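First the structure, then my questions, so here it is.
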Amino acid sequence: MLSVAVFLPLFGALVLLFVPEAQRRAVRAIALVFLSLSALAVLLIAIGFHAGQGLQFVEDVPWMPALHVNYFLAVDGLSLVMLGLTALLGLIAAIAAHGITERTKLFFILFLLLQTALLGIFCAEDLILFMFFFDVMLIPMYFMIGIWGSGRREYSAVKFLIYTIIGSVVMLIGILALYFHTGQQTFSIPELARLVASRRLPVVWEDWIFLAIVAGFLIKLGIVPLHTWLPDAYVDAPIPASLILAGVMSKVGAYGLLRVSQYLLPSAAQHFAALLAVLGVITIVYGALAATAQHDFKKLVAFSSVSHMGFVLLGIAAGTQLAITGAIFEMVSHGLVVGMLFLLVGVIYERTHTRELSRFGGMYASLGSGGGILGFAAMANLGLPALSGFIGEFFVLAGAFTVFRTEVFWAILGIVLIAGYNLWMLQKILMGPEREEWKGLPAINGRELVTLVPLMALCVLLGLFPNSIIHVLHLPVQQLVAHLGGQ
Amino acid sequence: MVGYAWIVPALPLAAYILHVFVGRRLKERAAYFGVVAMGLASVLGVTILVQAAGGASAHVSVPWLQIGRYSVPMGFTVDPLSAVTMAMVTVVSWMIEIYSLGYMHNDPDFNRFFANVNLFVAGMLTAVIADNFLLFFMAWEIMGLCSYLLICHWYRDSSNARAATKAFLVTRIGDVGLLAGIWWIFSITHSFQFSQLAPALHAAALAPAALTAIALLVFLGPVGKSAQIPLQIWLPDAMAGPTPISALIHAATMVAVGVYLVARTYPIFQLAPGALVWIGYIGAITAFMAASIACVQTDIKKVLAYSTISQLGYMMLGMGVAGSMVAGMFHLISHAFFKGLLFLAAGSIIHAVETQEMHRMGGLFRKMKATSITFIIGALALAGIPPFSGYFSKDPILSAAAASPYPLMFWLGVLGAFLTAYYMTRACLLTFFGKPRDQHVYEHAHESPAVMTVPLWVLAVPAALLGLFAAGAFRSFLAPGYVPPSGGPAASALTLALPLLGVLVGALIYGGGRTAFRVAAIRALRPLYVFLKQKWYFDQLGLALMYIALGVAWIVAAFDRYVVDGIVNGLGALAGLLGRATRTLADGSAQAYMLTLLLAVAVGLIALQLIGG
Amino acid sequence: MPVDFGSVGPEIVLAGTGMLLILLSAFVAKERQRPLAYVGILGILVALALSWADSGATGTALAGMVRLDPISTFFRVTFLAAALVVALTGLDFVQSRGVSVGEFYALLLLATTGAILMALAWDIVMLYIGLELLSVLSYVLAGFFREDPKSNEAGIKYFLNGALASAVLLFGLSMVYGLTGTTSIPGIAAGLGRAVQGPMAPVALLALGFILGALAFKVAAVPFHLWAPDTYEGAPTPFAGFLAAVSEGAGMAAIIRIVFTGMAPLSSSFGVWIAVLAALTMTVGNVTALWQTNFKRLMAYSSVAQVGYILVGLAVVTREGISSVLFYLFAYLFMTLGVFAVIAALSVQGQGEDIADYAGLGQRNPWMAGLLTLFMASLVGIPTTAGFMAKLGLISASVSGGYTWLALFLAVNSAISVGYYWNVVRNMWLRPSPEGAVPARRATSAAAGLGLAVAAVGVLVIGLLPNTFYVFAHWASFIPGH
Amino acid sequence: MTGVPLVDFLVVAGLLFAIGLWTALRRTNAIMILMGIELMLNAVNLNLVAFSRYMPGDAMRGMVFALFVLTVAAAEAAVGLAIIILVVRRRGVVDVNKVNLLRG
């Protein structure tokens, strides 16, 4: 079942190879069908999932027996949540890819490939398989930014590629060092986790291995000072790609931290917890400040994204049940919110062909309900209670408070700044006298609403009933916390 | 009925949802549903109050969230504090909604207005009955959101937009303090339940400094929301919103919810007496400062806004010095009625004359009898003239301050009371009496329709009579057995006399067209006048802080662009430069290649001999 | 001593076919020599089949001059496979240039024989003969397009440098002979084992330096690499592929034979030097490649960089290291030959060899561009391709062998390499076609199509299902003396 | 013959190698470079033969090796000369450093 969910998009990509380029509608329809099928498979997995059990839907077959590498897919609560997010955002991004009118076939082939890689990452339980998916996703994303992007797209695309490759190779070194130093001849994450208790690694080694692995994840997560690829890539990518980048791909870094580095190297994780927490806080404040100073709508969203990932890192570093649960919740929530924001960037850009905040103004009326949705998104982004973002940030900081009090107080500064730039953005775009040049813009249309409304609805639902996903997170987080030796 | 208290916030919430989904189709008719819902809510709210007064109480809690070993239930509680506040909120909101039907009639965004108002009321009521910090905070932020949305209701005006942003941001500063307080408490008590916090904190035997810090962090929320110094700067700007909003959110309910929070968490503050002193001082200073600024305002809504800040200061002062939340709470309730009334009456005037400048009004008494009379009732209550309600609610606060070991608080308080009476007299005289200063405005003026005046009358009743009839009952209901500290007869005399003196001074200066005297007085007191006109320069301070933040943001953005990015690009360029150097090795000459080869062999041989052996 | 020719059957077939081709091409007009190429391909296939059938054999042959063991079998198969791909994909190209196909294929086969003999050699005389066979024919092949000044230049430069390197190698070999009194590789190992104990140890190191330097020239390690870019750029494209896949492999084989086996007693000395060489080679190769505009020259620097990676495995001096080197060489052959095959195929269609000429290829010829992208991804080391698995093996070996710093070097270099590999990819997909670009012609000849398919399938199969190949490489990595 | 110690041969061979090297690196004429390299090969041969003469045991190996070197060197020289002649014919120069179309 898992393999079906993961590889359906790839299969779709293969089918697309044989569809003529000119049949743009057919191409899009086929892509959507396969993405929906894959999402359906994820839904079925979610239905069949038992929150009280560990890894489920296990598929574990030898892949490279000579290297002790297995094709090992399974889901636990954390995986399930991320799979759901990926499937949903994939579908939405594909709908939002309506504006891709050139080389459509190539775009959807790459998109489907990317979706397979992302789904694969979130259920790979073998480290090499994980790395495999982790790197595969680079290539389609490179092309999506490079071919359909805007601005300095070539620069951004290659920067993204180089940054991530260096991170992933360093991570690979770390993973291999871990493998050799455990001496157990397995890359299976649950197996390695079981070995953690016996603490076989020399401390110095564990620290180095930890740093190597974490470096790759921090790059992916866009943590200051390893973030510079991120604003460029987010801004120059086409909207569907930005959505996937910010909504799903950046979460891969956090997922990796939870699944690999913190889980398998708990004592090093404790050594470096303070460092990670400080980096998290720096990211929060730095990202928020940088976002405040942006004049480009999309860049603002990009830096906002950086800032939010700081919360995730802080939560993960804190290592308490509350904080980690909050961090995971924040990952999901940020996926939804940043999705909305990038979609709205697209909605506005499509109408005005500019992203300069100073050129907007008074657009509340002209966007139809789009203005309200933008307001909603901004409020969700600033962490308004009753929306999902609040729950994540609240529990991250509540959980981190016992461990990193000073850091939490700094993070609070970030919260104020986050409110600042979001409000400022709303003020610039929606309010003030209506500009002559934007009068009579077409209101938000049905297709755009189809992409936005599910995200809004989920944002509200998760904000009001967070337990709906938190209850499946209980077990994996508890295991992780137990490994870390915390509360 | 008390067990069904959740229905009270649910009613306006339902109205909100109706507005959002079918508001556009129903046009202005949608608002009637909201008014009816609020009417029902009022009936229910008052019923619950009556039942609670009869001894009923309720606490309902359902599981909501489970994270590890922490469970976070959601629930509501009906106790005297919430029952009283809920009844007040429902009634005031209902009146204001009715009034708004008239006031906002024909506004192009009528539906949005009502939607937001209903959401706000739902939030406010939720906050009032919330039994835990988390739900309370959610509701509290929803209120903040609605406040924001309603301040920029007329969003096309940039200054409204700025005011809204400012309001949200400044209160946000307080909110994060509150959040930190909540987290701190949670880290000790593992609970958000109001009822469990103080005992658990007590049991944890924290250092007094820590307790004070916790209490002050929690208090930071009310400082923002209830516009206490130094975060008061947002409230006057918030008058950019429609006047019913000023009445509802920025006078009667939301701004008071900060005080309500202090009342709700009073047991925590009682553990931290140090914090209570802070609260008392902040309240007293706020009360005095805002009153002084109100004296020089010419915009009728601004006068009321500053008076709101000032009165909120009194409530906080009461919280700080009275040893019980009952004094502050009573002032909250009575203030809600008379300030709501004042704003609505002011709205009625603005509706009629289409200006907020008192200098362009005058003599309106003749044209708008109902409005004028109700406004004056409110003004008298605000000024603290017996037997109006304000006197009965303010007096216990001031006498408690007099009884406290901090005389400065008392003096600030009574001086503020004097100023209050003065500026309200000034406002009444400028608006309703004397010769019309702007003939055009005067001729245009007319009494508002009944849909607006009836709520005025309804609110005027409690504004006038609540103190006289309910003060004692209120105290015994909220805090049975509590004996208010008495400041002695001298203090009582001062509290009574200074407001009267204020009226007198006001009448002397503004009665009977003594313009020349006024101008002379202003000239004589020029520095003071400017100081007050500039609102004690708090706005400039805030602006300066904002510019500093923006400057830092700009620096960070530039740093990111040129330094961080520069380093990365520089590393890339470095690889490129290295490549440029190494490529010159391959200069095309075969012999040079051979030479390189042999040199490399030679170097290798020497190295092997030296190190490798 | 009976001379056993049976175990060198593949080489005999190969050399025989080569000589037959020379003979035949004297009688067949240049324009009609295409069938001769098929004869050559057949010869390679027969040799491949023979060596496959013979792959279990172990033992010496030709009077102890060659030894069949897993590792030499591995190289034999690898070189034959590479020669096969070169032969398939080079046919159109060679024919289109109006030269004698028969001669070209004859030389190719004989050079391959030389390369295989280097791998099989169990005596330094045989090693030398194999090396010279490969080298001398390579000089001819490099200058094969007599009318092309670039080809001439490639030939003369390769020749002069190569001859010098041969002399250096021989000098080192003569010292080894002087120290040990024997030319047989196991005899040398034994003799050196005694010599390093005595006063002659510095001489042994001197010999090591000469031999390592000369072989470093063969594999084009920095700073012995300068011939490579000029030769690759000037030489006929299929032969450039041959250089990258076979000639370098032969150099590696020779290093394993003479240095790792014959000079095993000095193994404490050479590991770290090979490591330095590896770091230098990959870095210089990569950063210099950043500036290249000619695709073949770029590939030359790319192969320099790849050699740097491969040397990482050698530096570890463990069986895992050797195993990862073998795996890498095997994987590398498909990716690099794939690239050269695409260059050749497009060149036949009239496209230039500058990277700028590849702009817009993604739209002109998506299949070719897709294949080239696949090979480039493999060279960078991105999963689903052979390159990832190969790098995984190298990193794994270096980490387990205590050379983590070298692995980190490899990491940084992988990132640098994106700069130029992806420059080509960017040109193909992100840039519009230049004015007057050659219009798309999808059809290629069956031979070239087959060759490309072999390369692409090789890259993907090794990338996705590498287990068999790991097992193969591991089996082959057993070397006597370790 | 037996009166000459091995080291003398080696010194002569080393000198030959050095002279050849010097020639190969200093002369720009391609033919001269080729001759320099041939000198180096001769040095090797001298080495091999001398070792072979003075070595105990399997003495013939060095001789045989030297023979192989001679043969192969001849073949190499032939190919080299052919390439050089080709270049001289097409470019009209015999100075190797002027053959530098390819660089960078």
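Labels A, B, C and D are assigned to the chains in the order they are written; within every chain, residues are numbered from 1.
By definition in this document, a residue touches a chain if its C-beta (ideal position, glycine included) is under 8 Å from a C-beta of that chain, and two chains touch if they have at least 3 such contacts.
Owing to the predicted nature of the structure, the values given are computational and were not obtained by experimental measurement.
Colleague: Write down the chain pair with more C-beta contact pairs when B-D is set against B-C.
Modeller: The greater number of contacts lies at B-C.
Colleague: What's the distance between the Cα centroids of chain B and chain D, rounded to whole Å?
Modeller: 96
Colleague: Round to the nearest whole Å and give the separation of the Cα centres of chain B and chain C.
Modeller: Each chain reduced to its C-alpha mean, chain B and chain C end up 77 Å apart.
Colleague: For chain A and chain B, let me know how many angstrom lie between their CA-based centres, rounded off.
Modeller: So the centre of chain A lies 37 Å away from the centre of chain B.
Colleague: Please tell me the distance, in whole Å, between the geometric centres of chain A and chain C computed from their C-alpha atoms.
Modeller: 42
Colleague: What parts of chain B, by residue number, touch at least two of the other chains?
Modeller: Residue numbers touching two or more other chains: 572, 583, 586, 588, 590-592, 594, 598.
Colleague: Which residue numbers or ranges of chain C touch two or more of the other chains?
Modeller: Answer for chain C, listing residues that touch two or more other chains: 156-157, 160, 164, 168, 229-230, 291, 419.
Colleague: Could you list the positions in chain A whose residues touch two or more of the other chains?
Modeller: Residues 162 of chain A each touch two or more of the other chains.
Colleague: Please list each pair of chains that are touching.
Modeller: A-B, A-C, B-C, B-D, C-D
Colleague: Going by the contact rule set out above, which residues of chain A touch chain C in the complex?
Modeller: Counting only chain A, the residues touching chain C are 62-67, 103, 106, 128, 131-133, 135-136, 138-139, 142-143, 146-147, 153-154, 157-158, 161-163, 165-166, 169-170, 172-173, 176-177, 179-180, 208.
Colleague: In the complex formed with chain B, which residues of chain D make contact?
Modeller: The contact residues of chain D facing chain B are 21, 24-25, 28, 33, 96-97, 99-104.
Colleague: Can you tell me which positions in chain B touch chain A when the two form their complex?
Modeller: Going through chain B, the ones touching chain A are 64-70, 134, 137-142, 145, 148-149, 152, 155-158, 160-162, 164-165, 168-169, 172-173, 176-177, 179-180, 182-184, 186-187, 549-550, 552-554, 556-558, 560, 564-565, 568, 572.
Colleague: Going by the contact rule at the top, pick out the chain B residues touching chain C in the complex.
Modeller: Its residues touching chain C are 572, 575-576, 578-580, 582-583, 585-586, 588, 590-594, 596-601, 604-605, 607-609, 612-613.
Colleague: Show me the residue ranges of chain C that touch chain A in the complex, using the header's touch definition.
Modeller: 362-363, 366, 377, 380-384, 388, 391-392, 395-396, 399-400, 404, 407-408, 410-412, 414-415, 418-419, 422, 426, 429-430, 465-467, 470-471, 474
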